[in-house]
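Each of the next two complexes has chain A plus one more chain, namely chain B in the first and chain C in the second.
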Partner chain A sequence: MEIIEKIKTNKSSNNLTEIQKICLDKLQASPLPNPKSEQWRLSDKSKFSNFLNYSFKEKNPKFNAPFPHTSQRTIRLVIGDNSQINLVEKNYSIKQLSEYKLVNYIKEQISCFDQNENWSDLLNLSLNCTKNTLGLKINGSEIPPIEIFSHASSNSLNAKTLVIFLEKNCAIDLLQVNLGKENSSLSQSTFFCLEENSSVNHGVVSYGENKSNLLNSLNVIQQNNSEYNLGSLHFKFNYARFEIRIKQSEGKAKTNIKGMQITKKDEQISTFTKIDFNGPNGFLDQINKSLADDKSHAIFEGSIIVPKIAQKTDASQLSRNLLLSNFAQIDTKPQLEIIADDVKCKHGATISQLNEEELFYMRTRGITLTEASKLQLSSYIQEIISFIPVSKDRWDLLDKLLNEN
Partner chain B sequence: MQSKMKESDPILEVENLSASTDNLPILKGVSITVYPGEIHAIMGRNGCGKSTLSKIIAGHPSYNITNGDIKFLGENINSLEPEERAQSGIFLGFQYPIEIPGVSNLEFLRVSTNARRKFLNKEELDTFDFEELVKEKLEIVKMDHAFLSRSVNQGFSGGEKKRNEILQMALLEPKIAILDETDSGLDIDALRIVASGIKKISNAKTGIILITHYQRLLDEIKPNYVHVMSDGQIIKTGESDLALELEEKGYEWTDNFIKET
Partner chain C sequence: MVNENLVKDVVKEPYKYGFVTDIETEKIAKGLNEDIIRLISQKKEEPKFLLDFRLKAFKKWQKMKEPDWAGLGYKKIDYQDIIYYSAPKQKEKISSLDEVDPKLLETFDKLGIPLTEQKKLTNVAVDAVFDSVSIATTFREELAEHGVIFCSISEAVKNHADLIEKYLGTVVPASDNYFAALNSAVFSDGSFVYIPKGVICPMDLSSYFRINSGDSGQFERTLIIAEESSSVSYLEGCTAPMFDTNTLHAAVVELIALDDASIKYSTVQNWYAGDEEGIGGIFNFVTKRGKCLGKRSKISWSQVETGSAITWKYPSCLLLGEESVGEFYSVALTNNLQQADTGTKMIHIGPKTKSTIVSKGISAGNSKNSYRGLVKMGTKATGSRNYSQCDSMLIGDQASANTFPYIKSQQSNSEIEHEASTCRISEDQLFYLQSRGIEFEEAVSMMVSGFCRDVFNQLPMEFAAEADKLLSLKLEGSVG
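After this line comes the complex of A and B, so read on.
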C-alpha cells in the first residue's frame, strides 16, 4: 500500500486526473504485482522495492542530452519539457494529441489491462500527470527522424508517458532514449498505434548510471498491413524491466523485433514480450539476446499467442544468450500458445559462452585475448545495433558506453 | 638426418615434447628442428598427433606441456600466450579455418597485421594504407576484393577459406608457418594457387612445416625433410623421397618402424 500512499500524499485527491483515479482504484485492489505470477516470479524483490523507494517527483530538472543535436533534420523532443508540438509542413504534420483523444485512448487501453501483466503501466499512469505525458499524432510522408528522450533525475522516481498515433500510409524512424541518473527510478510507458499501411523503425535505447532503475513498458497496436520494426538495447541499470506487448489487431501485419540486454556487476535486466495475433496472415520475426557478466542476472520471457482466428500466422522467436562469467545467470523462456491449425511457428533458445575456438583463432593472428573478446562481443551486439535507427555519430557514444567497465 | 652442419641458428626447436589434454597423453616425446629456408613435411594417420603438435606450437590453451621445450629463435616459448607467439612470427594455418560471424574480414586482417607490425616496430597501418597492402597480397592467392567485406570465413567455400589462410600468412610475414592440411578440400587449380602462394611468401629466412596426408601438395612444394608420426611420436624422418615411398606403400609400412622403436 506504500506506493498508493506515496501517490496520494504527493497530491490531494482532488488534483488527481481521471486516469490517475482509475489506475489508483485498480492498484488499491492489488498494490504490488503478485511475486508468484509468471511475469514477476524472477524479479529481484529487494531491487524492485528499491525502485519504489525513491520519492516521486513531477518536476523535471534541466535536461542535458548525452549527444548533441547535430542533424538539422532530426526532430528532438523531451517528455515533460512543456513545449507544445505543432509541426505542419508541406508533406507531413506532427501535432500534439488533444486531451480528449489522449484520455479516451488511454482509458480504452486500461479497460484491457491485466493487474499483473500491466502493473508497470498502472503504476506509471497513477503517478503521472498530464505534464509528463507526450501525445503525438503523426501523418504524411518524408517525415524527418524523431528522437524522444525520457529521463529520471537523481534521488527520485519519475514517470513519463508517451502516446503516438501513426496515421495511415505514414512511415517514420523513431529513436526513444530512456536515461536514468544515479540513484533514480524511471517509469516509462509507451502506447503506439499504427494505422493501416503505416510503418515504423522504432529504436529503444535505455541506459542508466550507478544504481538507476527502470520500468519500461511498450504497448503497440498494429492495424492491417502495418509494419513495426523494433530494435532495443538496455544496459547499465541496477534493475530494469522492459515489457513489450504487441497486438496485431486484425492480423495481416508485420513485426520484426531485435532486442538486447547487457548486464554486469549485480544488475538484473529482464525483457518480457507478448505478441498477440488477432487475425490471419500475421508475421513475426523476433530475436532477443542477453549478455550477462560478473554476478548479474538477465531474463527473457516471450510469448506468442495464436488464437483460432489467426490462421496462416508465420512467427519465429529466438532467444540467444551469452554468459561471460561463471557467476552470471540467464533465465530464458520463449513460448508459443497456438490454437490455430494452419500456422508456421517456431521458437528456440541457446545459452553459450564465448566461443573458445574463435578466440584461439584470433589469438593465433596476434590479437590479444581482450581484443579478441571485444571483437567477438561487438559482432554479437552488431546484429541488434544495426537494427536500431540511429545515426553514426550517436553510436560513437554508445560504443564508448558499451565498452566501459 | 637433421645432424648436418647448419650455417645459421634454428628458427624452431621442438625438443622431446610431451603434451596432454584432459590428462590424456597426445604427444610422447616429439623432436623437430627447423632452420631458415627449410620446408618440413609431417605425415601420418588421422589421430596420430600432427594437428595437436601444430596447435601446441601455436599455444592452444587446451593442451598441457608435460615435458620438453619449444624454442623459437633460441627462446623458450612454452609459457607464451598464443598472441605473443603469433606477434613474434609463428603462424598456424588451420585445417578448418574458423568462421567469425559479424567480424569483417578486412578489419580482422588489419588488426592482425598491425599487431605483428607493432611487434616488428613498424608503423601501424590505417584503413587506407592497409587497403593498398592487402590489394597487393590478394594477387598472391588470386582472391577477389569482395572477400574482404564479408565476415571472417563466413560463407566461404573450403578453397576460399584456405586461400584466406594463405592471405593472412602473406600479410603477417611469419618467421615460421605451420600449415595444417592446407591442401585438404582443394581442387587441383585451388591447390596450385595455394602452393604457388606459399612458395612466393617463403624465402631463405623463413621456415615451413607442412602437415599433409598427400603427396600432391609435396609435388608442388618440395620438402627438405619428411617426418612420419604415429601415436604421438616421430617414428621416421627422411628426405622428400620418403613421402613418395609412403604414398606407394601406405601407412601399414610404417608400422614396422613402430615395432622397431
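After this line comes the complex of A and C, so read on.
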C-alpha cells in the first residue's frame, strides 16, 4: 500500500498519465505480491521490501559507461537521456515511437496482464512517466549493433521502460545493460515485439554494486518465423529478479535462451521464465545456469506451456546449478504443462559442485587449486557469455566475473 | 495413420469390481463433531490417549483450510454429509475365519483375494478391510512364530498399545495437512505391522481395502515398524463399487525403518474412477510417508495408480539415518475425466543418503495427470545423491501431462539430477508392430507396458502381472 501512496503523493493525481492511473488502480487491487503465489514464494521478503524502501526519483544522474564507446559502428542509447532518435540510413531506420503509439501498445499489453505474474510491470508502469520510456521502431537490414543502457542513481528507486518493435525481415544485435548503483533500486520493464521473419540476438547484462536491487521484466512476443536469441547475465545484486515471458503468438518461431545468475555474500538472484506456445511448430532451447557462493540464494523457475493448438512443438529446458558453499542455497523448478500430444518436450535439472576429479587432475599437473577452480568456472560461464552479443569483444565479462572480489 | 476410433474402442473395459455387496451394516449418523469422534473411539473401545489424539487432531482440522494448490477441479466436499463409521454387522468376537459372514468372504473371493486359508497357495498374508473395519487377517500364527505382528490397527490398539502410543503420528503428525488431520480424527481401521529385530518377514504382507457403502468415507491408517536389521514387503490393493456419488478416501500410511531395516511398500490402486462423463468415483486424498530413522535403512515405494476420480498422493521419504535410501517408482494412468496429482518428496537430512525417483505418467481421454515432487538436500546431507526421472505419455490431444519438480539444495557436497520427457505412442513403432501381424490393441498395450517397464520391474511378483493387465484394460479405447 505504502508504495502506491508514495507514488500518489509524489505527484498530484492530475499529473498522472493514463497508463499510470490504470496501473495504480490495478496495483491497489493487489498491492504487494502474494508470497502464496508460486512466482513469489521463494522471494526473500525483507530483501523485497528493501527494494521498495527507496524514494522514487525521476531525474537521471550522469551516465558512466562500464566500457568505452569506441566503435563507430555501434549505436548507443541511454534510457531517460534520449534526445530525439531518428536514424534513417540507406539500409535501415531506427525511429522513436510516437507517444500515441507507445501508449496504445502499452495499454494493449496491460489488458493481458495477470495481476500476480506481471506485478513488476505494473509497478514499473505506475512509476514511470514518458520521460524514462524509450520506444523504438526498427526496420531494414544491415543494422549496426545497438546498446541500450538503463541505470539507477544512489539512494533512490528508478524505473525505466523499453519498447521495441522489430519490423518484418529485420535482424539486429542488441545489448541491454542494467546498471545498479550503491543503495539503489531499479525497475526495468522491456516489451519486445518481433514481427514475421525478424531475428534478434538479445543480450541482457545486469550488474550492480553494493546493496543494489533490480526488478527486471522482459516480455517478448514472437510472430511467425521469427527468431529470438537471449543471452543474459545477472550478478552483484543484493536482490534481483529477472522475469522472462515469451509468447510465440502463432507458433512456428524459434527461441534460444542462455541465462546465468551468479550470487555471492547474502545476495538473492532469481530467474523466472514462462514460455507460451500459442501455435504449432514452435521451438525452444533453454539453459539456465546458477552459481551460488557464500550465504547466497539462487532461484530458477521455468515453465513451458504447450496447449492443444501447439502440435509439433519441440521444447527443451535445462537448469544447471553449482553450489559452491555449504551455506548457499539453490532452488530450481523446471515445469512442463502439456496438452498437445504430438510434441517433443523435455527438461532436466542438476545441482552439484565443481568436479573433484578434474580439479585433482589439474593439481597433479601443477595448477593451484584456485587456478584450477577458476578454469572450471570459466568453462562453465563461457557457454553463456559467448551467447551475449556485442559485449564479447568490448567488455571482458569473464575476467570481471572471475577476478573481482 | 492410426484409426482413432479403433483405438478408442480398444480402451473401454467396464470396471469389473463395481458390484455392491448386500450386507447389513452398522452405520452411525452423518456428520462430524466431537461427539461423533467420541462415539467412534467408544465403539472401538480405545484407550484415552487415542481419544485425546483424535480430539486434538479434530481441533486442528477445524482450523485448517482445504488445500487448493494442486489445481484439481472437483466440487466442494461437504464434510457433514459423510458417514464416518460403517461396519458390517457380525458376531461380537470372531475366533476363526469360519465365523466371518460368508457374504464377506464371497466378496473378497470375487475380488480375487483369498481369505480362506486352505486356498492359500500364494504365501501372502492378507488383512482385509471392508468399509471401516478389518474383517480378517490371515496367516497370523505362522507370522507370530517369527514374532511378526500383523493385525488390524484396532486390535493393535488393544494388544500393543505401547507401540501405537510410541509411534502413531510420529511420521505424519496430525497437523501435517488437512486430510491427514481429518484422518487422525476419524480413522476407523487399517493395518499394523511390527517386524522385530533381525527378522526377515517370511511372507509378503498385504492389505486389501474395499469401500462398499456409497455414503461413508474410508479413513484407514496403516503403521509399519521395522526394527533393526529386519525387512518386510507390504502390498496394498483397493477397489470400490460404482456409485454416482463421490466417496471420500483419506488414508494415512506411516512407515518407520530403524538401523539396517528395509520396507518395501507396493500399491495397486484401482478405486472406481467414475464413468466417462466423470460422474461418481472416489476422491483419493492420501498421505503416505516413511521415515528412515536408522543407519542404512531403506524405504521403497512402488505404486500403480489407475483408479479414483481424483488422486492426491505423494508417498515420501524422510532420510534421517546415515546412508539411508529412499525409492519411489510410480505408474499413474488417467483416462476420461480422471485427475491425478501425484509424486513424491525425498527429504535428505542425514549424510550420504540416496534417493531414486522413477515416475511414469500416462494420460488419455480428457484427463489430467501431474507429477509434483520435491527433492530437498538439507545442510547436513553431505555426500547425498538424488536421481529423478519423470516421463509422460500422452494419448489423444485432449489429455494433459504436467511436471512440477521442486528441487532445493543447501548442501554443496551433494548431487541432484532430474530429467523429464514427454512423448506419445509412436506411429512408426505401432506400424512396425502391426506389420508384423500384431493386433492394434496388443501393440498399444505392449508399448505402454514397455514404457512402464522400469516401474513394473520393481513390483512384487504378485502385482507385476496384475499391473500389466490392469493397465492394458484401463487403456482400452483411448489410444489415438
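We take it that the second predicted complex is superposed on the first by the 397 of 405 C-alpha atoms of A that agree within 3 Å, B and C clash if a C-alpha of one lies under 4 Å from a C-alpha of the other, contacts with A are read in each partner's own complex, and residues count from 1 in each chain.
The rule is simple: a contact is a pair of C-beta atoms (placed from the backbone, for glycine too) under 8 Å apart; a residue touches a chain by one contact, two chains touch by 3 or more.
Since this is a predicted model, take the numbers as computed values, not measurements.
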item: Fit-or-clash call for chain B and chain C when the two complexes are aligned on chain A; value: fit
item: Partner touching more residues of chain A, whether chain B or chain C; value: C
item: Touched partner set for A:T364, first chain B, second chain C, both or neither; value: first
item: Partner chain in contact with A:C129 - chain B first, chain C second, else both or neither; value: neither
item: Contacts of A:C345 with chain B and chain C, given as first, second, both or neither; value: second
item: Which of chain B and chain C A:L52 touches, first, second, both or neither; value: neither
item: Touched partner set for A:L324, first chain B, second chain C, both or neither; value: second
item: Minimal inter-chain CA distance - chain C and chain B, angstrom; value: 12
item: Doubly contacted chain A residues - partners chain C and chain B; value: none
item: Parts of chain B lying in touch with chain A, wherever the complex brings them together; value: 58-62, 81-83, 85-87, 91-92, 94, 97-98, 100-103, 108, 111-112, 115-116, 119, 151, 168, 172
item: Interface residues, chain A side, partner chain B - complex; value: 356-358, 360-369, 371-372, 375-376, 378-380, 382-383
item: In the complex with chain C, residue positions of chain A that touch it; value: 308, 311, 321, 323-353
item: Sites on chain C touched by chain A in the complex; value: 377, 379, 392, 394-424
